[in-house]
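Input: a single structure, listed below in structure tokens.
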Amino acid sequence: MAEIYTEAPEIVASSWLNTAGPLALRDLRGKVVLLHAFQMLCPGCVLQGTPQAAAAAECFAGEPFQVIGLHTVFEHHAVMNLLALQVFVREFRLEFPIAVDQRAEDSPVPVTMQALGLQGTPSLVLIDKNGLLRFSHFGRLSDMQLGGMVGQLLAE
Amino acid sequence: MAEIYTEAPEIVASSWLNTAGPLALRDLRGKVVLLHAFQMLCPGCVLQGTPQAAAAAECFAGEPFQVIGLHTVFEHHAVMNLLALQVFVREFRLEFPIAVDQRAEDSPVPVTMQALGLQGTPSLVLIDKNGLLRFSHFGRLSDMQLGGMVGQLLAE
Amino acid sequence: MAEIYTEAPEIVASSWLNTAGPLALRDLRGKVVLLHAFQMLCPGCVLQGTPQAAAAAECFAGEPFQVIGLHTVFEHHAVMNLLALQVFVREFRLEFPIAVDQRAEDSPVPVTMQALGLQGTPSLVLIDKNGLLRFSHFGRLSDMQLGGMVGQLLAE
Amino acid sequence: MAEIYTEAPEIVASSWLNTAGPLALRDLRGKVVLLHAFQMLCPGCVLQGTPQAAAAAECFAGEPFQVIGLHTVFEHHAVMNLLALQVFVREFRLEFPIAVDQRAEDSPVPVTMQALGLQGTPSLVLIDKNGLLRFSHFGRLSDMQLGGMVGQLLAE
């Protein structure tokens, strides 16, 4: 028996912060990628998920590991705009690259969030060195659980 | 020897949230008032000061005690506007009354913040039952310190 | 209507730590006294109650306030003996005075614990400046609640 | 270039708790072993290391993973004896197997602690599926770091 994993859909972003240019998952083969899907005014993100993503970036700094924030606004679009996100990122001193998920034509849920099938924010997605989707979780994870999963993917 | 306290300046607000109408300090004689000056995108507020103000409102719920939030925006005015604050308050489930400090004509620092001489956010101001300014602090306070001061003012 | 408070029973101790000689409540009139009843191998004490008692001693250091630990062993007497308590106090760097509650002749519950009617450990007892019992609580208290009560008693 | 790892020395214990009989590292090939060296009256153990070891046992419960406590008493031997440890383990509801490190003839430092070259408590030792010593650390580790290392060893 073997579990079959699918390739992670590419990030579709209208803007990028904290990076010289857009990142593409296809260019990150060989690295474990942690996608942190968040909204800047979601309490579970601000109080737990986002600091945890930043801690993971620091904890695995020397490893083939990339944290990417994904600002998946699916409500209050007028307020959680690019300018507001820029202020949030600066004030909270976030240093990892952050993609602004592309607004969809016909849905409040943005494009990458739809493609990943995420249920809300914060969501955490782990992508292995081959670009396969290995884990997707809506809500809180303990630091130890997250560390354990990242460690296992790094060792593959 | 006796310390001389001055009367707290009145709150000058452009809007109020979580209250049927504007509050005035002069109508709160007989109550201890905790003013929590914050900005919705200030990390020290979101992570510490604002939850502490909410905890104080709950802890001293049966006492003659009033928590008032004061949104003292002195930077990034375009982003921390009324609509954004409304979303923030709803998402973070804040229930205490919140005044939006009146923008000043000639300064980024709003009117009440100037009158209180606050140095930044979060700041905490305690006003006694006679409307006198008794304590003003910029930055972090332990829950025990804050509880101790509120308890002393309640007992007067 | 008025609540009637009773005088706190005197501490009956077989030993004292962290003090030149025994303390007596009757000599502490004019001070608010926090009695922290604990057992050195009670998790709720070690992880929460005892650190909170130490924090209270520090928070109200300049006030007429006295923290007294009361080692109320009511189980595992052979293990939680004086020598073990001395090691515990040194290792955990406790600095407030600690009384070893006197073993009772006919009960596993020691003398002062019986006199105070405590239900278990940790228990927290507050005694006002007149030596009256004002509050007794078994279990956890928030720092803000405790601070508020101490503040009120200090202001009387 | 390759790092050369040595085999972990066998645990030499005078008693075992929470297990039907003694455990031997040589019988645990195929499992990652976390050795948590502690003393029951060491604050860094009680407040951080021991709860973290218990959390690791729970976090990796379904994996080939074994947590073993090692009571490495090197001071205050009269107080941190077997009876006291039994009370500590019951009161703190520790469920993982715990070995009492064998007292040495000529040193306060017990036998296994010496063989492992540990500098103090808490210390954390990770042993891989082949019985090799892979990591040894005196002091605090974040949950994420620990999770990451366990995850990497599990994936080998």
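In this document, chain identifiers A, B, C and D correspond to the written order of the chains, with residue numbering beginning at 1 in each.
One rule holds in what follows: contacts are C-beta pairs under 8 Å (C-beta built on N, C-alpha and C of every residue); 3 or more make two chains touch, one makes a residue touch a chain.
Since the structure is predicted, the reported quantities are computational estimates derived from the model, not experimental observations.
Residue-number overlap of contact pairs with B-C passes half for only one option from C-D, A-D or A-B: A-D. In this structure, the chain pairs A-D and C-D differ in their number of contacting C-beta pairs, and the larger number is found at A-D.
A straight line joining the Cα centres of chain A and chain C is 49 Å long. Chain D has its Cα centroid 35 Å from the Cα centroid of chain C. Among the residues of chain C, none is found touching two or more other chains. Interface residues of chain B, counted against chain C in their complex, comprise 55-56, 59-60, 142-156. Interface of chain A with chain B (complex): residues 41-43, 46-47, 76, 78-80, 83-84, 87-88, 91-93.
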